[in-house]
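Encoded as structure tokens, here's the structure I'll be asking about.
So that you can tell them apart, the chains are marked A, B, C and D in the order they are listed, and the count of residues begins at 1 in each.
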């Protein structure tokens, strides 16, 4: 197996030279303005060492990647009761589809489509003040990243909120079935703000360690997640982490992962590596084009696929 | 880690004592008649050694498990052109749903739902005589199982064919979009017969070695499947192998697998084990209830989950 | 043909004796509390004479029947431009379904399903203050009914608003496609209030004259609606006026009509009669059970079916 | 009111001069070859007099218009038991959609979408030989048209059968739910042949008299259909007769009607006229463009709308 830093450098170089980058998300100006030429990669390996390439210290909007961490928090708070209001199956449709909600009486298919993530956020909120809950989420991210520099981009959150009629439809719809308990505007407020968390690839790869569940894991983060829960979240990331491109990601990359519309992907090679990549251009399924390509090559060269050497 | 045969014995014993076994499939008399008290397990490990428990030498109808092997054959014949007519995403709906076909112009979501498997069979048929193609599939199974005793249960095939109006609907529908080329009755004839292949858990675990891709793999079967193709089929089994219970299987078991309505499951721990289990009672998603439970315990006790130790 | 008052008396008597009355709507307490024993009928004939039976002067919540009148107002204001945001086809699904909205990019199928009626209300609102618009709608109803006693039941409106998450979902969803222009809470506020208009059958039958388009029509109401527009609204009532029971109403009754979940139905025999019936018990499609039965008998006995004598 | 022949001449002249004619159906060569310049109209009025314009004696493929007559036959044979296997509601989707069938357990929404008409044909077949049943349908049409020249175009039927995979999918799907009883190929054989009946507008308008239910109706055809059944079939034609353009036809034309993909429309002004129009060019919903336009003008000029003068 080749040396990791060499592979990272190689991939960063290859990505720099790749012209076909996909389309940057345009539904809010803050995302539309991001330069499509960015590419970043950061890896924490099993010994806790970190390897980086490209713009690994530039913060970007993690968007849906935050849903992995709110899921951890919600499971920590209410445990398996969470699954009474959110399913664990791939959705077979677009991330913001409302059709499945109607067929399944307001229960979203999984915690990573928008409806599911809103329901998870509602479970964390649980009657508290939005500001309080949001503070808790942010401190959790800073703790996992071991970096107080993680912050919320309030302009992004405000933009999302201003244009988020589709999410308001999803939330109201679930509320009509009692799947959401808190006032819709509270739940959506927290949701938009945790999606607007800004992190660098370095910070994100650090935060992902808890899912990779290294033997060398620091004693501070080990209590956050049992081994079983880490495995289960990894399973959900594999089957549902890339919207309607999840099957494709499993097929091509063979790592568990969660993407965000800001162009980031957090990928996990359980026991081996926590990986963050970022490139703003997206494919038709809304996943970072270069991010996926970089992970495909990394997984192959390092023989990290969970589906066999 | 405990000794494998001890774990196998333990699980076989526990399953024997489990009263809640689900419902045996009843849509054809040949399946309805099978005794729900059967339980079998067989495992081939990385060194090629075989471990069995329960009724491991009793043949059962492998049904949809055959779809993993026809997929190998089709990829062997026409390579990645296959993906022009079959997708690689989980379906988010029942195994025999026709709704998605309408929304996606006759292209089935993946090769493991009925429509997808029929399209794969059609690709193997490719203008040949049904009898010829069927012979080829059977010989392939006998070769992989290293056992000429693998056979087709013609009574099962005839029953399926007599009542298979839903599959005829799927096939005609795909034919209307040009996704199927051969006469519908030819394609369905081959399809029903390969689903009617009867194997024991011992034979099935042997046949699964090619997907586990052991270092010790015999030189005869190695050329059947490249490492990359094995990984990719494993990925498809993980995301789509248990109908609308695929997410749940990944979440609970953490192995790749493909189930059949006869109560069998072929599961793979890549590089570590090829596992076959069988118990005829099914859950609401159509997957063997005890089979899944046995695999969940096996995966946990042997620490074989692909999602982390 | 029999004498009309005799038929009215006969039907009122028969309905009184009918035990099977369906279920009163229960989703808000104000509707759930209504006594299921009420039955009322009122008819204005071509000469302008009025015939009544049962509780014809008891006001009830007209609910969706108001949508016929807001449609008139919207067409009066913006004419056929309205059809850029609302379709004219039956929906083939429940009144509050959101599935079709997703398939057809936020354009509701017709002005009588909830989504369509919300879009029509939004077109009337058109930047004005909700209070103003609501006043206009109420005065329009009072004018058509020739009775200042028509009023808005604010407790009903408040109840609807408090529990109307499903409608909020529809409205936000349409807003995400630009089908709705005004702030969602303004549009919904007006919508809930016009649905909460309370009228007696006598008042409602009077208000329906404008659709029956009698030769004897008073010169005051004639300018409200051209003959062509009246015909067209009648056509929409026929194809879409009873949610997913519209085909059944046409088949059994043969009049154009619009029902409301309060148990009222406004039915029109063009050129012959404007008819209001009310009985709070509903069938599975949400239409008044006795109301439909009474209209079926009336239409048959008076030979008023638009589909032939 | 103007004189009818003058209006017919006027409309025939206007249609001749209309350049925008829509697209001729192309899915089988026999339909694709028809000259788009044809236009025909024939009307039988309440006294039984016939008025014609354009190519009123040229036979064309009546296609789905035949479904009105097979519905009469099926109701004559098994009465209201027919409605156990076919609904009476508009479908809200395309004529050959299979989605609704899945949602509603194989029961087609109405007798005029393809699935529904296949189920109706199956009810007529009822264990008889296809040839026999087809003979019965043809003789029925000849009797109603009072013309032995009505015939079946076997080349059209053969073409439909050769390419009718979508209908085979619908039929097999319904068979899987027990909605169809006869061998699928028998039912489809009869279906394709009755859709391939060829008639002129003159013959079709004559055949439609039974639905118009004139006071002057000849004593020979009166027993075919009770007044109530005629009204009910008219209601179904109004709500479901033009596929997903039924609402539009009601809105614009205000007559009951059934269209066919061959470009014909049979329209009924109950008690006043039976009208056949034909022009091969279709709109996006599959209905004759000029046919609809001609009927809209006719209905307006003769004041025949069922929705008011």
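Keep this in mind: contacts are C-beta pairs under 8 Å (C-beta built on N, C-alpha and C of every residue); 3 or more make two chains touch, one makes a residue touch a chain.
None of the values given here were measured: they were computed from a predicted structure.
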Starting at chain A, how many touching-chain steps does it take at least to reach chain D? 2
Which chains make contact with chain A and with chain C at once? none
Counting contact pairs by residue number and requiring over half to coincide, which of A-B, C-D or B-D is equivalent to A-C? B-D
Averaging over Cα atoms per chain, report the distance between chain A and chain B in Å. 32
Chain B and chain C, separation of their C-alpha mean positions in angstrom: 55
Taking the mean of the CA coordinates per chain, how far is chain B from chain D in Å? 48
Residues of chain B that touch two or more other chains sit at none
Per the touch rule above, enumerate the chain pairs that touch, sorted by label. A-B, A-C, B-D, C-D
Residue ranges of chain D in contact with chain B within the complex: 97-99, 101-103, 165-166, 168-173, 175-176, 184
Which residues of chain C touch chain D in their complex? 87-93, 100, 109-110, 211-213, 227, 230-232, 234-236, 238-240, 244-248, 250-251, 254, 256, 270-271, 305-309
